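What follows is a group of structures, each given as structure tokens.
In what follows, chain A forms one complex with chain B and a second complex with chain C.
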Partner chain A sequence: MNVSHFPERRGLAGHFLVQVGRALLILWGAFTLTFTLLQMMPGDAVMIRFMDPELGLSSEQIKTMRVLYSGSSNPVFQYFHTLWQVLHGNFGYSVQLGVPVGKLLSTALPVTLRLAGVGFLLSLVWTLAVAVGASLLPMRALRQAVHALPGLWSAIPLYWSGILIIQVLSFRLHLLPVVGVGTWKGMLLPGLTVSLPVAAPQAKLLLQKIEETERLPFVMASRTRGASRVSVFFRHILPNSVIPSLTMAGLSLGELIAGAIVTETVFGLNGLGQMTRDAVSGQDVAVLQAVVLIGAAGFVGANLAVDLLIPLIDPTLRMAHRIGGGKSGS
Partner chain B sequence: MTSPTPVLDVNDLAISYGDRIAVKGISFAAMPGKTIALIGESGSGKSTIAKAVIRLLPPSARIDRGSITLNGQSLLAASSRTLNTIRGRQIGFVPQDPGSSLDPRIPIGRQVGEILRLHTSEGRRERHDHVLALLEKVGLPDPGRCFSQFPHELSGGMKQRVLIAIAVALAPDLIIADEPTSALDATIQRQILDLLDSLREENGCSVLMITHDLAIARDRAHDVVVMQHGTAAERGLSDSLFSAPHSPYTRRLLRDSPAFHPRTPPVRKVAPAQVPALEVSNLTITHRTHGGRTSPTVRNVSFTVQPGTTHGIIGESGSGKTTILRCLMGLISPISGSVQIHGADAFGGRPGERGPFRSMQLVYQNPWSSLDPRLTVRRIIEEPLRNHFDENRSWRLQRIHTLLERVHLKPDILERYPSDISGGQCQRVALARALAAEPDILVLDEFVSALDVTVQARILELLTELQNDLGLTFVFVSHDLAVVRQISDTLSIIRHGQQEEYGRAESIFSNPASDYTRTLLQTIL
Partner chain C sequence: MKRFSIPSPLSVLSAIVIGVCMIAILWPSALTSGDPATGVAPEHLLPPDSAHWCGTDQLGRDVLTRIIYGTRETLPAAFVATMTGIVLGSVIGGFAALSGPAVDTLLSGVIDVLLAIPELLLALTVVILTGFGPIHAALAVGISQTAGFARIVRNLVRTLRSQTYVEAARLSGTGFWGIVGWHILPNAFRPLLGMGILRYATAILSLATLGFLGYSAPPPAPEWGLMISEGRDYLATAWWMTTFPGLALLTVALAANRLSQAMTNAGEERP
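Moving on to the complex of A and B:
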């Protein structure tokens, strides 16, 4: 996430390639690491599922099962085999459920992505609302109250705010039902729940940066030309303040995808979170491998998007490759 | 001929920040076509007045009484909506620091266009042409190119031209220029002030100039108000005020200002010692850019400093003087040439070995930021004593008191923090800290540049005293010729990484060899 290392002479296309390459490298690292860790775990899914004496399988039969599920007993061969399969979008079979992991993902992933997407968008809305409120509301006391909101949000645990939101919005006010709603509408409440703790650090960072930017001379200079407070805020202060919170937002989006388990439990959603929980308790290696990869892809993808977005917002980074010839004198 | 009505009329204005009264009943009038200068040292209230006129004082400031009238309209009674139509249209503002007064992420053309967008109904096309005309008017070499450039691609002087273009865009009746050239090099300063003068004559507007630089006020202003502690110590026509100042404060300012009262250093007879304190020969330093290319930033610089004398290094920003200084301190190595400290080759030892550098100490430019804000003065001075000497606490305390005496500070300053003491006091603390390591060469980087003239004069006196008492050798790096002239025995003038001139100070001043030196000398005469 180090934007200061923006390449000096490569230009935008080069920057893009380097970032994408770095992202792929991280994904490969994540795959290798989880593969190794899962191999080192004592016991395996085959044992957990078929060792049950009631099934009455012999150790000979279990051994065959194991080879059947994991392809080979040689770990090196297995590694390359799995990697090859994953590259082709084939995540193997779930030992617990006996269905392809891809099939499990096709139902679970959209749920989680929808939740993460709605939560992320809402968190951006809160962040922006807090920034605007704390800077432009008419009364000082009001501005300070808004300023304190992110601290409050980050102090509330997710499961508690989730239950509270269901209680108030659904059971008391009957605004939105919790169950039996459309795919997108049903995401509003859980999305609201995950958005608050995600928005808190983003909003805090943005407020802090805005305070710094407000003190810079060009802000005052713009006021001396007759620009109103609102105009200066949207044209000069906000655009010069968003980059740190954008970096933060990239990290949060990854977290939303990888860490949806609590919210999914509270709202009874069958997403990646549920899948992860079941896979961990059953040591379902193929499923776990897929879940970790998707989590890593979420992080890497979100950060990649931010890294590519930042030069578009800050032209001084975009232009970095153009200087070097030196400035012309007056 | 009746006397014209003033553009701006400030009457009995008083402003306070909480309990502190910043401005105590100031009155002045700015006449059309004339420049009025408010001069004074930091804290005199001159910038507060400028901000009050454009009604952009910080929320902590309160206007207690008085009136500000622009073309017959009271600015204190105006609503914020009215003020937004007055700012930019009737009052143009040229800010102090061109480096940070432009939004870094908006191209120049759009930033100049902002004022047109705010106050006129010009369409996109019209505005574009108008901006180009403005950029051309303020003398930018290639307006079309400049239009799409970003602030960081322009030099300080060019940025100030852009800011002036914005200020004069709508031909306002009043231009407030708040220290418009204090962040610029001397040769650029002249050009910017000439530009302001010509635009004032062309538009017949009035200029309110805020400056700490007496020479600028003398050369450029018709009327002058000398501010001290929020009151007008003296006011009058520029010519009469500077030739025959009445108030003791004005007289003191003039006496301490190197441009008005040039002092040459006491002529010392320093017999060339066997071994010079510092000998730099054919120093060439290259700078590695990110792409791996190298370009020499300093080429073939040579000078010799005898013990107990001062060598001044003069150069404008980007000239390479800081690079030379970093090399002298052993922070970067030259690619060729040598630095000899007391006859020992400074770069002869193993890399990382301090060796001969031990006898040198660097004292930095900015009084406040070079001292750790979380440490008391005592701990700041104590630090080098701990690092260099293996002695006990009572010995250190005694040394601290001796050092304080040397720099004329009272012991009651010991438990205070840098933020509670003045800029002059900070520089004295920085000197004491440097002296703690018992160096015999001090490298002073723009040491007095951030200080007011009266404080500057006291610090320069202290330096001379220390040199005479302790036999110290100074290398004094500065952009300010007038200051360097007061204390240097020998001089190097650096431009584009090369030595334009080197020799005894008085011979360079009386008989400059290069055109560049002549231009520089003109700026202080």
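Moving on to the complex of A and C:
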């Protein structure tokens, strides 16, 4: 459990500042790492694009192009130059398309964010549904079947389940349109596709935690006092079990963005996924670096948000605050 | 002290699945008489029947034959990928745990950064560097798994290092490599193996994803991800072209998952 570093001596604000600093350090690390890796490219994209004899460019012109696209040939200068630009929201130019990466992002990012958002909400729904089903369904066999679902989900290849969903829901049952990009309804099928593998680890963790919580004395106590199964589950077991899965859900935001890349390919959406595929095929370094940074930022940002939310949700931490003691519930 | 317990039916089934895959890799002609690369043109897009259990594709190739030969594409590559991850991760993690706090902080920072980048994006970064192809894809997946292994190994070695028996060995004059070789490696082996098998299942899925995106083996290859990608053009008419390769992928990944779980449980049961 990741709450062991919860404020004991520092206040909440101090704790938050440390976490923000950590997040920024990780992002800086991710930038440095991708920059270094992508500097190692053997033939750079400018060459690949402009060496094409059909364009009929002289070697002088190519040299000017290289300077134009990558600033300078000195790697140290280029590192700080690129870092400065990225800090100002300028991710450089796409060599393939000749437009600023920011411009590409402005059309691609909303599509992917919407997909990731729908996927995230649905994954929370599955997680809760599994927890409720595995705990409260009437028959033992039924409960066990629900219990086994997350294990199954975690092994489903996204692109395959996406295709199956299209086949069954759209082609066979004509329930939902395959295309219809702009609408939220059109996001339902891709969102469904992304949500299952993301829900798997958080559902697994929640089930495991519920099993642990069920054995705690206070649960026994409220049962013996005559509280119904349902009320004990919702009032005591669930709130005391949900925190690790919430952390896990935060961790999954980066994975959601990665999953969106594959899912967009299946559903023909023009988001970050399409952009990334084009970038990899065309060795478009600046575009890929932007996507990697967005993935890392999603991961880090969601972690931060979860870290802030946990003290508000975790009953043991809330209690600790009310009593005024410094003991965290880890 | 019980050393052997009766394995669950699911674990047995998983072991059988992996066994069949082994046969398919080593001796595919024992399972099918067909040829994965050449098809019979008039027999294209046939639905599953007694002659073609999983139907045929757009070139009249038997889908089941291609799935069987496809084990040769993905499964050894996933092994290479996971071994790459384990070796690199053990070196980084072991180095972090056994050297001073400065190195440990630095390497842990690098591990944190790598873990913050989604694995697929990390793999794509490697692919853009090295180019396409099955070996490059395996390397990319291996590198994307390195940070996870490095963290596990680091924590494992740190815990083992502070055990009393390691302390005792050090006090009785065992050298650094003696302690690593005699006490740390043997005790780290089992948890690492369980983790390795689990990550092997993920590697299979990741490699198939790269294949699906077209960054692994080029088209005539019967790679499962690629087969699913090719089948997308025949979604409305030939469901078997995408469904069966995906089922194969799912089955193998689940089996590997299950075996890893059985391995971990067996490790916990040991006194």
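A few points about this structure:
The criterion applied here is as follows: the second predicted complex is superposed on the first by the 307 of 330 C-alpha atoms of A that agree within 3 Å, B and C clash if a C-alpha of one lies under 4 Å from a C-alpha of the other, contacts with A are read in each partner's own complex, and residues count from 1 in each chain.
The rule is short, and it goes like this: a residue touches a chain if its C-beta (ideal position, glycine included) is under 8 Å from a C-beta of that chain, and two chains touch if they have at least 3 such contacts.
Fair warning: this is a prediction, and the values are worked out from it, not measured in the lab.
Of the two partner chains placed by superposition, A:Leu121 touches none, neither chain B nor chain C. The wider contact with chain A, measured as residues touched, comes from C rather than the other of chain B and chain C. Legend: residue contacts after superposition of the two complexes on their common chain; A:Pro239 is shown touching chain B, with no touch to chain C.
By the touch criterion defined above, A:Phe299 reaches chain C but does not reach chain B.
Of the two partner chains placed by superposition, only chain B is touched by A:Arg223; chain C is not. Once chain A of one complex is fitted onto chain A of the other, the partner contacts of A:Leu24 are absent, as it touches neither chain B nor chain C. Contacts of A:Leu142 after superposition: neither chain B nor chain C is touched. Remark: chain A residues 7-9, 216-218, 220-228, 231, 235-236, 239-240, 313-316, 319, 322-324, 327-330 touch chain B in the complex. On the side of chain C, the complex with chain A involves touching residues 109-110, 112-114, 116-122, 124-129, 201, 205, 208-209, 212-215, 225, 228-229, 231-232, 235-236, 239, 242-243, 245-246, 249-250, 253-254, 257.
Within the complex formed with chain A, the chain B residues making contact are 54, 56, 80, 83-89, 91, 93, 95-97, 100-107, 114-115, 118-119, 141, 150, 152-158, 160-161, 163, 166, 176, 188, 191, 289-291.
Residues of chain A that touch chain C in their complex: 25-27, 29-30, 33-34, 37-38, 40-41, 151-152, 154-161, 163-164, 166-167, 171, 254-255, 257-259, 261-262, 265-266, 276-277, 279-281, 283, 285, 288, 291-292, 295-296, 299-300.
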